[in-house]
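Going by the order they are written in, the chains are A, B, C, D, E and F; count residues from 1 in each one.
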Amino acid sequence: MHIHLINPNSTASMTAQALESALSVKHTDTRVSASNPADTPVSIEGGADEAMSVPAMLAKIREGEVQGVDAYIIACFDDPGLHAAREVAKGPVIGICQAAVQVAMTISRRFSVITTLPRSVPIIEDLVSDYGAVRHCRRVRAIDLPVLALEEDPKRAEWLLIKEIEAAKAEDGAEAIVLGCAGMSSLCDRLKEATGVPVIDGVSAAVKMAEALVGAGFTTSKVNTYDYPRIKTAMSHRVCA
Amino acid sequence: MHIHLINPNSTASMTAQALESALSVKHTDTRVSASNPADTPVSIEGGADEAMSVPAMLAKIREGEVQGVDAYIIACFDDPGLHAAREVAKGPVIGICQAAVQVAMTISRRFSVITTLPRSVPIIEDLVSDYGAVRHCRRVRAIDLPVLALEEDPKRAEWLLIKEIEAAKAEDGAEAIVLGCAGMSSLCDRLKEATGVPVIDGVSAAVKMAEALVGAGFTTSKVNTYDYPRIKTAMSHRVCA
Amino acid sequence: MHIHLINPNSTASMTAQALESALSVKHTDTRVSASNPADTPVSIEGGADEAMSVPAMLAKIREGEVQGVDAYIIACFDDPGLHAAREVAKGPVIGICQAAVQVAMTISRRFSVITTLPRSVPIIEDLVSDYGAVRHCRRVRAIDLPVLALEEDPKRAEWLLIKEIEAAKAEDGAEAIVLGCAGMSSLCDRLKEATGVPVIDGVSAAVKMAEALVGAGFTTSKVNTYDYPRIKTAMSHRVCA
Amino acid sequence: MHIHLINPNSTASMTAQALESALSVKHTDTRVSASNPADTPVSIEGGADEAMSVPAMLAKIREGEVQGVDAYIIACFDDPGLHAAREVAKGPVIGICQAAVQVAMTISRRFSVITTLPRSVPIIEDLVSDYGAVRHCRRVRAIDLPVLALEEDPKRAEWLLIKEIEAAKAEDGAEAIVLGCAGMSSLCDRLKEATGVPVIDGVSAAVKMAEALVGAGFTTSKVNTYDYPRIKTAMSHRVCA
Amino acid sequence: MHIHLINPNSTASMTAQALESALSVKHTDTRVSASNPADTPVSIEGGADEAMSVPAMLAKIREGEVQGVDAYIIACFDDPGLHAAREVAKGPVIGICQAAVQVAMTISRRFSVITTLPRSVPIIEDLVSDYGAVRHCRRVRAIDLPVLALEEDPKRAEWLLIKEIEAAKAEDGAEAIVLGCAGMSSLCDRLKEATGVPVIDGVSAAVKMAEALVGAGFTTSKVNTYDYPRIKTAMSHRVCA
Amino acid sequence: MHIHLINPNSTASMTAQALESALSVKHTDTRVSASNPADTPVSIEGGADEAMSVPAMLAKIREGEVQGVDAYIIACFDDPGLHAAREVAKGPVIGICQAAVQVAMTISRRFSVITTLPRSVPIIEDLVSDYGAVRHCRRVRAIDLPVLALEEDPKRAEWLLIKEIEAAKAEDGAEAIVLGCAGMSSLCDRLKEATGVPVIDGVSAAVKMAEALVGAGFTTSKVNTYDYPRIKTAMSHRVCA
């Protein structure tokens, strides 16, 4: 089974970190590869960054289809272009936010999400709502640290995350924590140990979900919404007015 | 990895069928065992049947805990006693309804559920709502056939299911179908072939979800709701009035 | 009119307390009896305790049906087995949580619930949602006291409840308080007096609702979901695998 | 106990019919009186009719407060002015729509409402949503007959209602029917008999709810929203522009 | 284009203030007039005040219809009688709460509302829910000042509002503020300047929405719910019982 | 005031049609310009088409910012990139779906949407839900015609739309119709006439909303979510694995 993980931003060190997390949980039989586009934003912090990264990510999926990839993981917690990707791919496409939320709903009854910047909070809240976890998700929190600062100062990131997890336990009654950024992946085990609460890394969750779906023979439904995009004849077009 | 599947009703042939479905999708490394209580209803058709089957099912989990079972599957689509079971088990407990719904939300954007008796429709609607799929699930349909009739006359069951799947495609815009009874498990492949729409069997979905969660090291959160039941000192008690 | 109150746990002193509350509000024409099973948990604190108490509670209802009971009250705030009980009974079955929520929605526009242990909070939140009071119920709070401690140290319980009611008024804007445990029943009047806010005891609410429904001639609908459980032929069954 | 039923429209024959229904279910100890304003619309069919009837209805409640009325019933299915009335009254104020919905949620798991004119359908849908029964209420249906035609041609009304109840059973899976107009009250028993499904008349439901609440000592919370209206000093005021 | 603004309460100075706000944003081509009934409460603080003001407001609309008014604005944040008014008017009827909420949903992703008295909080919460902004609206806050005190001590009102806006930014993550009372209209610009967050005055929002709808040729749909009220033959009616 | 309308697809004739609709409703004082990217799909039918069109659309907005555009309209009913666009623009950005839904919620109580292809139905349902109109929107319907076929055979499109509007009136109780594709814009008046129900074209609605917001001085909140995208230092990046 070949799972391809795409980091939609262009920071290769983040791709490497996500791949490492993926490799640490994958089954021995599974092949996981990873890539990132070369010309997308260096981190995804908000809707415009998301939008700028999706076409290049879809191109990666089109390449994967030629190579016979069985499933894809979008390794950014905003799940950018998730529905679009499912139109392009034959196999399942897993968003790390959706995967993490599904795990959280299975191993706990109430959880909180902790992300980087406050501007991502409403975006994640709306995703959580789309994935049906409005009541299960107590709160989406932010440590107010840019994505790349996670790598630059991992000690500070860890300290801020531990503080926020403790707040989520005390104030939200959170029974599990979802890490709201792919860049937090490598801190997951330490956070679990430090706080005693299950901490869910979306990358790991997504790898296992992808293995599960491919293993059971599921592919993306091509009935209606997720059908392949219609082939468009090029037309002459001109800017008007 | 040891996954134990519990059929909460007492019909061993249904347990055998569910086990067969489980074995057909499990990874070679995974051990799946199955059991059913001896003194529960022969099929679960409504809330009273559910209630009568849960204590014996919890006893099976307690046995499993002694034997070091890694995850449990409750092989009845009403997910009876799911929350209770999670209190008793250390590892993940997967309900086949929740697992199937999570798969359906991942491989399609709109799906319908098809169950046996009309009386189960509101029960499943409420579960689907609890699992966050109100908007994704177009409709819960029933073929109006008792559970045990699935085994007694599989040809008729298959014919009724195909008819209902076609209705779900045409009237609901269903992009995937969830089979709303563990007893439909063995028909899954034929239905998929006959209708051309992804058909999701909860037993298979649950086995792969269990493998995924155990594989990534997830266990049930023991923080708050799913903590082990408090130990109770027996007290004298008498019926009054 | 004969109303039978069932305390699903096996602590007879709690049954006696609930009966006392029931007797204090019932109409002179109404006969209220009460019972509890002998072999269920001594208190219901979570889903496993609930599950272990339901079959014995249903047996009590089956006995009641023979004796011509007109309506039943399940005197535990988690409303364990409520839907199952309605399948078994001809007359109305009232859950004290649902009754209390309906009263709260009628005499106030926003209310809070106060229960015993934090682990019951998500359970009650989900019930409140099922009963349609998501927006009306500001918050479910817990005083973090085991159920039996209510009886053992009623002074401390009262003090904790008063403190929590004051918090609910100040922080939640609660206009009424629902007591989230049958064991708080006897404290209701004192709490009302101490805090000046309507305090709703589910047992009293349920008794009056039962009188109302029986008085108007309502019985449980036997159309579809709440129809009597189907009679099952015993089948041979054996544990497999 | 003195319950006062107010028909907000000015058609005395409808008031008489509602009173008759009330008297037929009330407890022997209860005194039920009824009145209607003299200058409100002859029937309430839509929001403007509602609005025109509320001030006079509130005046009736103010009169009742002087006379020591214990609870009020607003005998129009749109529950016009329900929140306003609760500010004015000390005792509980029961809307027949809310009372019927609460009964329906207790004796069945899914119900439908049948009203007179299609224009009332969205109004009732929004009420049902406010009362928390979105999932429980399958559909609000209309027989497309003006309110007063119920009295003028009761045979035709009965025939149309039976037809609509049968449709609700077959198409909605309705397990109980709520009559969506006070003017249908007198047909309730015949409809129940003709269709074999529980039929809920809001007037009867409201009388019993009122008895229940008063009997248990509940009054309207005067904390915040339902507090008495603030006394206003008359100010000079002039139309401008 | 002629827009008529109706202040449903009888305080002419509030009408004048609302008119001033309207005139400050209206297009030069638009004519805005304003009026208030003479015999309604001096301020609207709760449901009873609302109810007492609606019939006179509807009378103003009936007058407007004769004069050829193109659109109406109900200048009270509770949007009293909004649905009723739409039945009576041919052109659009704009509630200042609905208009402000629509603006807030367009220029921000999360907002908070700040009103006068705590008793209005649940009323506004329910409106916000009816207008579909449950997730977008973080919180409805109150400065606990009666409506008329806004005019009597505008300095204090301004100070309280600034303090509450700062709390909404810090605690709610509010990205925009909706002023929850027509009487706050004149403070809008100063609050925006003092806090650096967009502050939305419902009166201004409503004027522009009315211009937009009339400008595009939209009128109120007369299909079903908002159709003109049915003409009622006066019937003899008498208070009974 | 300068409003710039962007058709995200690359079909200039559709841009011209949308511009024509815009010009027909705009105020004489308003300048409306229009453009479309040159290298995006010729029509937007699904999520992948959306994703491929957004970066070029954002580039158009960046150009507009330099030129001092006051507000933008995204003239595609899926509102592709709406949140992203709001981060990039200073002034308001109006999606034609959101604008149409807001108009529909103001002039009617229940409406239906009619779009082109069935695959867009779930996409629009989710948008309608995000905009808070779940209860107001009865149904999203499709005439099963590709977007470009609207232009190629307008007579057939008109006939199919009339048929579908009649179905929406009869089956959904729709009181207004929202046209679910910018390409239906030119048919709006004829449909209104043919069916007697208000028909809402999103382009016209959006132009008037843009005029309203700019006219009242509203700009997009730069507090949090819609703040300008953070400036990213280019980093070296390489595809890994």
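Quick note on the criterion: contacts are C-beta pairs under 8 Å (C-beta built on N, C-alpha and C of every residue); 3 or more make two chains touch, one makes a residue touch a chain.
Chain identities (UniProt): A, B, C, D, E, F = Hydantoin racemase.
This one's a predicted model, so the numbers in the text were calculated from it and none came from an experiment.
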D-E, B-C or C-D - pair sharing over half of the E-F contact pairs:
C-D
Ranking A-C and A-B by C-beta pairs in contact puts on top A-B
With chain centres taken as the means of their Cα atoms, state the distance from chain D to chain F in Å.
42
Could you state the distance in Å from the CA-based centre of chain A to that of chain F?
28
Would you pick out the residues of chain E that each touch at least 2 other chains?
83, 86, 109-110, 118, 121-122, 126, 135, 173, 224-225
Touch graph across the chains, line, ring, star, complete or other?
other
All pairs of touching chains?
A-B, A-C, A-E, A-F, B-C, B-D, B-F, C-D, C-E, D-E, D-F, E-F
Spell out the part of chain E that touches chain F in their complex, as residue ranges.
25, 27, 29, 83, 86, 92, 94, 98, 102-103, 105-110, 131-136, 169, 173-176, 196-198, 200, 204-205, 207-209, 211-213, 215-221, 223-226
Which part of chain C faces chain A closely enough to touch in the complex?
118, 121-122, 125-126, 129
Touching chain A in the complex, chain F uses residues 10-12, 15-16, 19, 32-36, 38, 41-43, 45-52, 54-55, 58, 81, 83-88, 118-119, 121-123, 126, 130, 146, 224-225, 227, 229-230, 232-241
Under the definition above, what is the set of chain E residues touching chain A in their complex?
109-110, 135, 173
